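All remarks here apply to the structure that follows.
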Amino acid sequence: MIKLIDDLWFKRRDIVSDGFNESLDYIGKIIPLKVHKIPSGTRCWTWTVPEKWTVKSAYIEDTEGNRLLDLKNHPLHVLSYSLPVDKVVSKEELFRHLHISEKRPKAIPFEYKYYDRDWGFCVQAERLKDFSKDKYRVFIDAKFEKDVLRLGESHIKGRNKDTIVIVAHLCHPAMVNDDLSGVAVLAKLAKELHGRKNNYSYKILFLPETIGSIAFLSQNMNIIPHIKYGIFLEMLGNDNSLALQFSHQGNTKIDKIARYAMSRRLKIFREGPFRSIVRNDEMVFNGPGVNIPMISISRSPYPEYHTSDDNPSIISEERLDEAGEVVSYILDVMERDYLPKRNFTGPIFLSGFGLWVDWKTNPELKRTMEKIMLNLEGDLSIFDISEKVGLDFENTWGLINKLKEKRLVV
Amino acid sequence: MIKLIDDLWFKRRDIVSDGFNESLDYIGKIIPLKVHKIPSGTRCWTWTVPEKWTVKSAYIEDTEGNRLLDLKNHPLHVLSYSLPVDKVVSKEELFRHLHISEKRPKAIPFEYKYYDRDWGFCVQAERLKDFSKDKYRVFIDAKFEKDVLRLGESHIKGRNKDTIVIVAHLCHPAMVNDDLSGVAVLAKLAKELHGRKNNYSYKILFLPETIGSIAFLSQNMNIIPHIKYGIFLEMLGNDNSLALQFSHQGNTKIDKIARYAMSRRLKIFREGPFRSIVRNDEMVFNGPGVNIPMISISRSPYPEYHTSDDNPSIISEERLDEAGEVVSYILDVMERDYLPKRNFTGPIFLSGFGLWVDWKTNPELKRTMEKIMLNLEGDLSIFDISEKVGLDFENTWGLINKLKEKRLVV
Amino acid sequence: MIKLIDDLWFKRRDIVSDGFNESLDYIGKIIPLKVHKIPSGTRCWTWTVPEKWTVKSAYIEDTEGNRLLDLKNHPLHVLSYSLPVDKVVSKEELFRHLHISEKRPKAIPFEYKYYDRDWGFCVQAERLKDFSKDKYRVFIDAKFEKDVLRLGESHIKGRNKDTIVIVAHLCHPAMVNDDLSGVAVLAKLAKELHGRKNNYSYKILFLPETIGSIAFLSQNMNIIPHIKYGIFLEMLGNDNSLALQFSHQGNTKIDKIARYAMSRRLKIFREGPFRSIVRNDEMVFNGPGVNIPMISISRSPYPEYHTSDDNPSIISEERLDEAGEVVSYILDVMERDYLPKRNFTGPIFLSGFGLWVDWKTNPELKRTMEKIMLNLEGDLSIFDISEKVGLDFENTWGLINKLKEKRLVV
């Protein structure tokens, strides 16, 4: 995962851009990837696909030719989707187009103007004092072209058509935790899923934030009914506990299982309702008229968010691994969960099936076994039963599996 | 409103009586009024319409001809619907037919015997000491005649057939707060409703208590399915805070909107379940087999209740106005509330519709806008949405109206 | 009841045995009893009917012929369904087959091996010290034969087919509170039910625990849909308060009425969820695929449970009577409860039906009468209405009965 991050992090991965395309190609060498291409200008519900944006060079000079800021030094120095500009402006006008982070004066902030366009530069707040002259030459050689928005889909066909979608966005240039950490964890997970038989089908998506999800779903509305659950991954490498953001529904199978998986695998974790911890593509997948329950897993918040400080030094492989393992366990429980249905009447003759539990030596297990017996009507899944009888999923699965081996449940 | 009260208050407005008819004629000059006439003896569900009752004179004299009580002095001196009497009785017998108010010894109580009939007088408790002789002549020249029970209906046709009924009773003779205050507020409100276009249809009813509602509904059962909500008005002029009594259902649209309207327009108000604050015609409208959710608005209780002290001195125009304005605002919210339905898929491209809210400058509004977007499925009214997202009705209505102007909701 | 106990208690009433058959014949002389006979080896759902077991003699001797334990002294000295044995064993081997009660060292415990068979003796813990030799002769002359499992059914036909089943088990040899006390109370109750007209039909069952219920239901599955409720009776004579164990559903009519009846008839009683107080045939009747709501009434726990100390000295007729009366009252309320349906519209003209309640003298009753009027839609039973309006069953029944006499409800 660290290699993918090292190789891709400093690229300009703006929403429609050469850097985005190169990054998608890179991932396509790790896992099978179908690249969807949606032309600029395509109407996607209430949205429109933007043009490709390319910036060659950009700088600010004083009238004596001293270069005060140069894109060469850092990709974040120019507003993403900035208009081109080439003129001499007053200090006052320049400052209206200079973006800073007040909270992190040593860092360059990440800013964008995808739709309400303008030209602009981003600069360390502590460097503002260097802009002491009255006039400046501002130069941005940026180009807008009709092209195609690309998004990568890796489909893993399972035993049934019910699909879980797992999404990471890839469009944040020259940053790591947001959003390459999610991409790295997801690429590794996708490889594992490709390597085994699954009950669910999976769609793994790498796309530009919001417009990517909108483009994908609006152009493929026929698949929406098959997508039963979603997971969004992002900010997984920084030094904060993992956080589960529930879906809009808040109490679906994946919400409950994710909560259970996190409580079993982590000493500490946080949780919160929809849109309370992170704000990403879950608003599209779980949005009006789509409404696929999508949880989000992240380590949000972190102080370097949306600045040049979000670089490889703030993440670690251990934390990426921990996140990946939790997501794997969520899927593991999802995969093993099903609706067991009783194939017997009355209390089971446990002695006859080698399932006798002595009441005197283990009253708790005996009572739980009875409760399980009373809940095999086919309307509750193993996970539901485990919650209802107050036993963990693994042991509930174990007991019901014994009944299944004896053909007492189907 | 005060003029209506001044003109009508001292009349004998017994349930079927000349005074009632004159009062109804008076209201008919303020607003259009259809007068329903239901003959005495008509079976109305389990009830029967009573005869018209008229009393010409009534008095109590001692055997020496000293008149101790005379109807001329106050209409309340005779039991409403008293039988006629003309005989000499012992003090003991007289006292069995003398009604007093122990709580207000200086006031004449209001008493009636509509169905279990008897003869009787009402007198100030402090005057009992004047009845010191052994024998008295009691005289009541009362007459029972077949006639018709009258009730006034002012119908205001709206854009749709769903109807709100608003009721005040008019049958309490020589008293003001109970019941002319409700009549006055309702007549003014009806005039306003007649003067504008409404979505709901309205039926404004002035009738004798209980039997009037029963007569109206039992003789017009075909209209019951159109009546969706009801409001009962009474005791609106005295010096106590306004009180909302919920309908029997307790949680219908009108219950919730009335509670909201009162909380917005009043510094203080009270509330309570069905039949806990007042006891009037809501038991008929909201009763078995009719079951129209009817709230009641009043300033109950007040100390002069059902006595001769309930006269113009205890009410004020300000308090009538305040009550009228609250009821108007309830209807205003009812009129503006509807089920908005989403005409878009996915999150709205807010920038494109001039509806962009900057996350950083107004996170709360942005979040609320998202919550609204997620609740436009056509199953929740604007008021429901406002309660669900925790924004007041006016602002919720404002935001949804903007979406409506853009044709994003229909 | 005491006579039945005295006559039957010391019998070997093992699940298929001569003693069980004799006990059933005895009950058949008190009430009409149909005896179902299900052959040994019959498959009953996942269970199989066992053979008849007979033991003639059993003892333990030391090698010098000193008899240390003899079945003649107490029926509990041999494990119920013990295998036959006749050999000399080491002290170590003997002790593996000796059962004691650590909690009650002076008592012989009741132990059984119905399915996982073995030979074995039961002995007072304080007598273990007498077994000081190295070798012992163990002798059990037990016989297993194909025969029939018997269970007694007393059916009482009521006005409708909805049936309440009441069950007691009869298979605990030489003990009294568990299980003859339940049998005695049930036999008396059955006699009463036979002597009167009932709305419900009743099935009174006397059977061996668990396998008896399984055999009965599995061989008579067509009757299951008619059985609406069940009551299990046991441990009713000892000195502890009565305890209500709710059905698996927990909130059915019989659960609620039983709770009400106990609260009305007893100063103190206990209650608990399904399988928390006693563990008997309710697991069959209320079990998977049968699911008849079955409450259990007992005085569990008691210290002499499953030992030779459970003898006539620990029970009393008074406590049996108290238990019987509570169960009678449960059935009495069940019998009188029905769904009253309104035959009127609007509030009732109470004066006209002699049902007038003066608001001033009895506001509480007036209010309750109104609440009752508002709940006669035919979806709530009298008991439900009584709970909803907060009046006890008897008074609610009384008021509704007055309306019924006036044909205002049907």
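To keep things simple, chains are lettered A, B and C as they appear, and every chain counts its residues starting from 1.
In this text, a contact is a pair of C-beta atoms (placed from the backbone, for glycine too) under 8 Å apart; a residue touches a chain by one contact, two chains touch by 3 or more.
All of these numbers come straight from a predicted model, not from anything done at the bench.
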{"item": "Rotation angle superposing chain A onto its copy chain C by C-alpha atoms, nearest 5 degrees", "value": "120"}
{"item": "Interface composition of copies chain A and chain B: same or different, split at half", "value": "different"}
{"item": "Between chain B and chain A, distance of the C-alpha-averaged centres to the nearest whole Å", "value": "59"}
{"item": "Set of chain A residues in contact with two or more other chains", "value": "none"}
{"item": "Touch list for chain B against partner chain A, complex", "value": "342, 344-349, 351-353, 356, 359, 367, 370, 373-374, 376-377, 408"}
{"item": "Interfacial residue positions of chain A with respect to chain B in the complex", "value": "44-48, 115-116, 210, 214, 217-218, 248, 275, 279, 283-284, 287-290"}
